[in-house]
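Once you scroll down, you'll see the structures, which are given as structure tokens.
One chain, subunit A, links the two complexes that follow: it is found with subunit B in the first and with subunit C in the second.
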Partner chain A sequence: MALVRLSLLTVLLAGAALADDERAHVNYMLHCQGCHLPEAQGFEGKVPPMKDFAGYFLHSGEGREFLIRVPGVAQSALNDGELAELMNWLLVTFSAEQLPDRYVPFTGDEVASLRQDPVIDPATSRELILNRLSADIPVLAAERQQKN
Partner chain B sequence: MLRHNIMKRLIFSLVLVTSSAFGQLQPEPTGVIETLPEQWPAHWIIAHDAAFFHMSDGKFIVLDADSDDTNARFKGFFNGAFIPQLDQSKSRPEMYVVETFRSRGNRGERTDVVTIYDKRTLAPIDEVVLPPKRASQMPNHYLLQLVDNEKIALIYNFTPATSVSVVDIVNREFLNEIPIPGCSLVYPMAGRAFASLCTDGTMLSVQLDAEGEQASSSRTEVFFDANNDPVMEKAAIVDGIAYFPTFLGRVIPVDLNGSEPDVGDAWSLVGDEEGGWRPGGIQVTGTDSSGHFYVLMHPDGYEGSHKDPGTEVWVFDPETKRRVDRIALQMPAITMGMTRDDDPLLLVTNVNLEVDIYRVSSGEYLRTLDGIGAETVLMLHGSE
Partner chain C sequence: MKWLDGWLDKTTESSVRGISQKTSRRGFLGKIAGVVIGGAATVPLLPVARSQENPAPAEEGDPNSCEYWRYCAIDGFLCGCCGGSMNSCPPGTEMSPITWIGTCENPADGKSYIVSYNDCCGKSSCGNCLCQRNEGDRPVYNPRVSNDINWCLGTSSNMYHCSTAIVIGTALDE
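And now, the complex of A and B:
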């Protein structure tokens, strides 16, 4: 299963033409890690962890949209292509295990359209989306229960 | 033994001689505590010594900027640790300081408060406990603002999630916290409302209801590009219109008098002037009571010079969109403030971290306020 997922990832990554991991990493350092920290671990109660977590959001359409519509992403100074590249790098680098089997990377066009509509209350939206996802992903439900 | 007695007697007589020689002097009363007038003279200022190199200290020093006498110019001071933010009431003899305390001094449980100070005694008279989230950063006028005829105090929070704490400052009561994701700082709007500057180049505006809850909100169109010519957040506000200087020397007016911010056309601060002039510094703008605004400017600007010291202060009339004066500084300056009277003084912290005073009408350098016990005056407030 894990092998299938890995090979699927490889194919998809190869397909995301000219994605530049180093540029994505540098952009992460410049635009994200000040708050999200170098390993995307966040900090308790203030900055949600993306490490071993962000991939869960791609299990639903609204979750996928949320990752781009959250203001820190939508309103970043990066252009659409750079932002898509960064998000794809981030998901595979920090949260590959949580990605769905049929993981489809973001494209610049998709990012361009989603970022036009930033979420107004990200904390509440995040909770709602994760609650709904928990119904389908037992391991996420267990993780959230343990935390509460 | 005898010798010892003689010595004693000698010393005693010496003391008597000494005291009788100075007996004409009146004993100086000590421990006298004076109070300041409710309305301070227009040229009294508040120098905010942020104690940049030891931020657990810091103080606000009240000074008479007209005085050449080191002792006479010092009117008093009050503490302010961890770089607090100050605002003054125009309608009450009060000042407000948003500050942070930790239960063990430099560590432990954090408590944020807005402390209410009496302008006459410089003593705290009350406090309102806030969510422990206030933005701890370099001072900036838009970290704390009063709106709705000074009934509401708004405090900018950064955890790094951004929000605004709403305080009923008359009844001294915390009301509510309003999230402003993706936006920063509080700019006062007409009525019970505020605006905030957003990373996507827009402004958010929030109207509050009687309970301090969000009644409605709106967004302006995109009016600046953070990648190519960002605005400086330190707008000069004249008659309710915020003038945002940009890194490259334009200015963008945003009218905050209506129910939503209204973005106007940008114009150039530099015009035909050659020499690569750009705005730069810590507090780069000021306003006077005549409707002019002031910008700290430096020549030979380059990518990254937006915090460089200014060698001149340029004076603009926003009505005509023209520079009406330029004040050459005898020493380049990093931050500026203004008095609010008809014969305004320009207050600057120079690059040697001394406070220099200029008369705006003549552009002349008047004096340096030395001997005030300050290290890093990062903000200068004219008295309200």
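And now, the complex of A and C:
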């Protein structure tokens, strides 16, 4: 009986996780995709890419904060919990390879406090953060050098 | 030279018989048709930007009428009245990849779908079938959900011509 209960629980949990992923994807379509495009690839010179990239930001505290403090995220119409769910889905879906080994997902509470303080000049902050991260992440440094 | 003719005849006959025994004519025709039709499907014959829809919703209503369900949050000229369609741009225009996205309820199945209103750009305003329904439209200080913005961003020209309404997903039940 315990085994049945356990497998039932697994099924329920899997179902819940699936529903959350779907909700995250729908929220991505409604709140992000218009500019960041379906694969989060962004648009050269206009919209920064998140695909194969966003995960780098989680290698530093300021980078992690930046992802929530950018205006599009901080000022989104989504509530804190939905926003955390969307960011966690996005990072794993579009940029799993760039995430640090000890990746800690965002929580609603963390998002709630970070979004109170949106960045004023995201492009400049982004450059500064990425320059500092490049010192520790050779792949990122090489990628940025190739681009410039 | 008779021996050569005879040798040629025999070789040709045996190789052709061999082919006809091992293959079917239908198979050959099928392959040819596959190449021809497949080619037509992968290489558009007209210089028109097209979109494949997934999911494909049940349909009712006239896509060239402003009352059509997908246009619930549109503000612009319907591309179907401008030489394109509800999900493709007229020849000579370019579809903006950057777009605004909303949801509309489809009366044919009662479901809400996520609709992307990609603008077609590169020619002056079409002028036909102006449609302003604006349901869910928000002021421009909330740019992601405002349709008063010229969304010809990321195209070679920012001249607005007409708007499409492409289904990109199914909305969740509230």
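We adopt the following convention: the second predicted complex is superposed on the first by the 129 of 148 C-alpha atoms of A that agree within 3 Å, B and C clash if a C-alpha of one lies under 4 Å from a C-alpha of the other, contacts with A are read in each partner's own complex, and residues count from 1 in each chain.
One rule holds in what follows: contacts are C-beta pairs under 8 Å (C-beta built on N, C-alpha and C of every residue); 3 or more make two chains touch, one makes a residue touch a chain.
Small disclaimer: the values here were computed from a predicted structure and weren't measured.
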- Message: For the combined arrangement obtained by superposing on subunit A, do subunit B and subunit C clash, or do they fit?
- Response: clash
- Which of subunit B and subunit C A:Val139 touches, first, second, both or neither: neither
- Task: In the overlay, answer first, second, both or neither for which of subunit B and subunit C A:Ala74 touches.
- Result: first
- Message: Contact-wise, after the overlay, does A:Leu128 reach subunit B, subunit C, both or neither (first, second, both, neither)?
- Response: neither
- Message: Under the stated touch criterion, which partner chain does A:Val47 make contact with: subunit B (first), subunit C (second), both, or neither?
- Response: both
- Task: For A:Pro118, decide between first (touching subunit B), second (touching subunit C), both and neither.
- Result: first
- Query: Which positions of subunit A sit in both the subunit B and the subunit C interface?
  - Reply: 34-35, 46-47, 72, 77
- Footprint of subunit A on subunit B - complex, ascending: 159-161, 179, 181-183, 198-200, 217, 226-227
- Per the touch rule above, subunit C residues touching subunit A in the complex are 97-103, 114, 116, 142, 144-145, 153-154, 168-172
- The answer for subunit A against subunit B in the complex is residues 34-35, 46-47, 70-72, 74-77, 118-123
- Query: For the complex, which residues does subunit A have touching subunit C?
  - Reply: 22-23, 25-26, 29-31, 33-35, 37-38, 43, 46-47, 72, 77
